[in-house]
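In the two assemblies presented below, subunit A is common to both, partnered first by subunit B and then by subunit C.
Here is the complex of A and B:
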């Protein structure tokens, strides 16, 4: 199949290059805006030194590397230092150090909007590329997948889920750019960083350690000890979500926490879904003893109370080396995967068994196709849709699970930001002026989990239009928290 | 390679006492399902051999065993000097090129997430046939051969009708230029109007490529139309095999008689003494010890001492045995099964009523009556096994005890499996049937 598409695809491309060129043009614009960041990635990830050393003529190579480094230093649209939002206000002179003298709130707002515009522009470009391919270059004028996408077209609920999930992913990817300050300077090492502000008593610009400033910006219930959402603290720092009881910036904490949640969630889902789909395909193809073994294994794992096992394992393993990797994130993802795969496996076992009884499997056997190829070509495409549905649902569950564990003080080690810990930190102040500490992370967990469920519903209706309802049972198979 | 050098009309595939049992290695130690239970026949190069029988008789399993989709339990499938059932690895892979299958359900036999071109190309890809470019050209040629067009290459099965999909299935089976093709009810899922087109296509392809077909079917009129020879299967056994016209006009085996008489007669004035088979075939887990057809055979041989008994009476006796057998066979209530067998709508509440229903209007000879009464006593004591054994001892014949051998029944070496072909018995004929 691949070769067929390849050659004829090239022919179709040369015959009608217009739409593809336009599409690539858009890509150039998108890359140009972020060229510095792209170069930086290239310069920092490829071991140029090693490659350069292996080449005989070093002089031109060094020059080339110099150019590369220079390019990497080019300003990019979405970098923090292009649109800075940290500054101070001098009476009569307005804002100092911020983007074009705007208020920190406005500068921060512009940066966040640009990040989201750029990201959605990129997603739109991908979609546009697919449509261009479909209209101008695809050999088949119709495929079964067109119908699935078509069904998603009118599915508002699923689209809502998709948009929110995309926003969440962008939040995680661009976390360092989105926060009004950085994790490093505000949360991790506040006493190693300093900031400038206009001291009214002294009547001059003064320097202070961030840590000291944080202590004066705490949110502890009011009476002058609260910095709420969309407020400035006394050091002219803007806090979109207010501050934590420790005086640290909640928004910065949240975007960094999104990264942690997404990393754990995705790692867990890839491991669990990979295991589930391989087992489902193998057991459905060979049936008999293989199936029985996995049924017993899956049932045994499922018989364990998942939350209890999670708590127990993360407690028992909390002092081992594995708990140190990614601040305990890896360990969490592994525990989730080990306890969670049977849910996904159960979800795809039915579809896998059903497709294994189709005559085209026999046909493949009859001309001697290798079982692995048969599973990949003839079974996997029918299973993968169901896998996506349940993966989306369990991802929401995993995010709740991780938040729940950190709420209990387990899981991700402090001070690594994790939403659950913000909820827990704000718990004493729920009924006070500092309500935002618990409420905002709590609401965000709910929105994101709902979005993953909505996305799962959308995929299900696209993949399997006959199935109505039944989603309750599906949602219950989530993360278990 | 495998049978390449066989001349038209010579033996291409030879089955020798082939057996395929299911569930032998199952964890629950039930009796295995004897789907194919000792089948021997030859398939000649270039012919179309029909394989007919009721559903569940094992004909599809036999076809699947022939192309090694099922493992044979015992026996041989010989092609030239090779026993295919013992092939493994590369040898098996090479043999697979040579024998293909066209499946029954064109909805299920084509993966509808693949383009038709990719589906037909798959066997070529698996066997690394020439270069990818040549494979694509070959697929286009095959599309043309089976009456589709090149533009269909990038269409999906959803975009085709049942008949067109079956053409795709045929193209896939022909991709590797096989010698031998198993056609598993290839037209039974299609509209009647389309059936003829597909049958004609199959005929044309056979002439063009010198193919040998095993045509599995339950539609006898289709078989008569397309097959050179026909094998009739019952309960895992081939009961009769012979040239199509001879078999249809002068069936030799009692089962063939029964099967053929089930075809609606186009001419109502013709001699249409239909044989109605009572009951259902025995379970293939527990086939009869003697002739597979013994439990339902309308021409079953009687023990010599009862030769003089009235046919009507004898039929009732056999029916009683059938009722008891069915009752032990399934857990369904006697009432239910008995009503079914007798085709009666009256309600029985006990074995006695069965007895009355069967024997009320006939006079039993004393010798017969004694045995029946003894058996009924066992039934009343809830010991049906004893009752069956007792009846079998009293009324059983060679049909119940000995598996019939194959007898040559025509001058084209057609065979039939029935004790009536032995010299000491009358040949099977309709006159032995009790008409109801």
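Here is the complex of A and C:
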């Protein structure tokens, strides 16, 4: 409820605790479902050993650590082992080792649906939280952001983009849970892992190395040497997207690759956008020489063909220590950021210059507000919307760029999954029964890049409804890959 | 500021850009961990030969000395000789050998993008919110999001097996062509050969022009929509100017203005995209040469190619700005967007 008297957030909260409590209650349910995973993260990421060492070694601490470990082992709704999909079929007895004796396909489908239901529940909870805050606890009755969100409300195209982008992010976040098998056992070290299957010739359950089984489930054209989408191989393993020419599972490869792409894209965007915004604000505020310097610097970087510099740098630096971090992902993100910031900077320079000519900036200057404060409080909020538009467009470009590089055998080091490498592996088999290897990764790229573009369009129409489709959005990131 | 002073200013501003680009290339290729001498003699060269090559190439001189030599060489037109790919051949000669194939490919990819993208965009803009508009717009959006290399892979496979897949042989249709590799370009005067060369390069050109085509369509549509609703078109309509001349003289001409940067911007896409497209289509053009030179550590060749590309981009940028001031005199020379 709006109040005319100035109140603090805490006062507003205590006056009307109902909606907030309800909201937190939903959180409790959501966390409870995944409690084990949360505890596991806490137990494994925080260096408890060092903390424990600094504290007096008394019994309560050890007991607490024991409780923590026990909690980390609690089953969570979305773990692989709660709804296992890896099993084998014994004739007459049905499926063994899968969730409730269902077929691996059904078990996997249930797990994927649950992951997406949970994730969208969580996103819905966040959105609901914002609405609760807006209705009951925000001091202001109205802010310009309300209008922006309102415009996004009827923007079906932008909403389509948002949903697909969220699905992509969930895919990257839950990659280990979503795959029908794991990267470790199927792609990275198949010869150190085993699986069980029912051997019809021997008439009994046999154990085989995953690597050996992969060799028998390759996709290399037709003639019995193909495991297509939604098919089982002869070891009763289910492959939602079929297998690679090496017999590895394409879906597991794709979800792991989504994680790599998203990491590189997000790191690149945060670095480039940070640089772009700082430069745009500083040059718009001071103008003159500062502006000219950055214009020349930006033009110089843009005069280097981005994709060629990417190829050159990722080849030149491929044997250095920096290419070893996150399998070359960090290096790629850095190169993308160094070569890509002028595109983002150009996009926000106009709005920054525009807002810097407003009267309130003059007013702030004249009563002696520090420049940094002026930029942060009076200029940044106006620029951020425009930044989001181009960040969304560039993310799509980065995904194409990373895929293009790995298609050429550069960038992300094998055997780390990357989509471009799947396209490259399937290149000889496009027109055969094994069409899925190249086609599915390509279609996924098209869908996700389209979604990022759609989201960018949606944000543009929300932020600046008068604007037309901008012209300098071209090739923001991909550079023609 | 007059047009010529503006032009002079642009020229002066492009000098630091060129110097920066060349410097960056030098430091990337020379200060990086690539050892050109090792790249030249291969893995089983002896120590003596290795040292001799290092002396010969002046690799043991201080890096700043090499840098100055390199910069002076680049800006005076002395680009040096290839080290690894084609030893003792001037890089300029190599460039001249490889460039025609890329230019032929680039020319057609620009042309196809222009002649499909803009008409489709204008058509969609003239018939907004109709089914054909939706189809065209959606097609443009998806087309734009397709990675070039993927499209190339799919197209190569489908075309080379068109006989088995569709019962229609692309290779034998009208004139005999290959799907991959570059067409022979030495006899373009002969109509039969010209047709053959065009058909041969068509698939690669479509792939290379794909993202520009999508962009041109999108911007063209928006531009027509905006011009159509502008006051001067309303006024012309009120004066009773017939539909056809209204569309051609008043709508299209003005709608072309925002398309200028898109068309010149294609140069960036062509230079970058040519690497992937030429690799997939096995066209031995400049992009292919660049990739080959890079992975073989042929530093002078990489340096020369980079220099030429940067020069090209700088020139195109200046031409674009000049074209802008010619087409639309309202664009200020002081221009916020320099």
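Criterion: the second predicted complex is superposed on the first by the 463 of 481 C-alpha atoms of A that agree within 3 Å, B and C clash if a C-alpha of one lies under 4 Å from a C-alpha of the other, contacts with A are read in each partner's own complex, and residues count from 1 in each chain.
Convention: a residue touches a chain if its C-beta (ideal position, glycine included) is under 8 Å from a C-beta of that chain, and two chains touch if they have at least 3 such contacts.
These numbers were taken from a predicted model, which means no experiment stands behind them.
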{"item": "When subunit B and subunit C are modelled together on subunit A, clash or fit", "value": "fit"}
{"item": "Which superposed partner A:276 touches (first subunit B, second subunit C, both, neither)", "value": "neither"}
{"item": "First, second, both or neither for A:304, with subunit B first and subunit C second", "value": "second"}
{"item": "First, second, both or neither for A:254, with subunit B first and subunit C second", "value": "neither"}
{"item": "Subunit B versus subunit C as contact partner of A:442, first or second or both or neither", "value": "second"}
{"item": "Partner chain(s) touched by A:398 [first = subunit B, second = subunit C, both, neither]", "value": "neither"}
{"item": "After the two structures are overlaid on chain A, angle v-u-w for subunit B, subunit A, subunit C in degrees (C-alpha centres, nearest 10)", "value": "70"}
{"item": "Which partner reaches more residues of subunit A (counting touched residues only), subunit B or subunit C", "value": "C"}
{"item": "Subunit B versus subunit C as contact partner of A:422, first or second or both or neither", "value": "neither"}
{"item": "Partner chain in contact with A:366 - subunit B first, subunit C second, else both or neither", "value": "first"}
{"item": "Three-chain overlay, closest Cα atoms of subunit B and subunit C, distance in Å", "value": "11"}
{"item": "Common interface residues of subunit A - those touching subunit B in one complex and subunit C in the other", "value": "none"}
{"item": "Partner subunit B, residues of subunit A touching it in the complex", "value": "1, 3-4, 7, 139-144, 358-360, 362-370, 373, 377-378, 381-382"}
{"item": "Subunit C residues touching subunit A - in the complex, by the definition given at the top", "value": "13, 16-18, 20-21, 24-25, 28-29, 32-34, 141-142, 144-151, 153-154, 156-158, 160-161, 164-165, 211-212, 215, 218-219, 222-223, 226, 258, 261-262, 265, 268-276, 279, 290-291, 294-295, 302, 306, 309-310, 313-314, 317, 336-338"}
{"item": "Of all residues in subunit A, those that touch subunit C in their complex", "value": "295-297, 299-309, 311-313, 315-317, 319-320, 346, 350, 353, 396, 400, 403-404, 407-408, 420, 423, 427, 430-431, 438-439, 441-442, 445-447, 449-450, 453-454, 468-469, 471-472, 474-475, 478-481"}
{"item": "Residues of subunit B that touch subunit A when the two form their complex", "value": "64, 67-69, 92-93, 96-97, 100-101, 103-105, 108-115, 117-118, 121-123, 126-127, 132-133, 136, 153-156, 158-159, 169, 172, 176"}
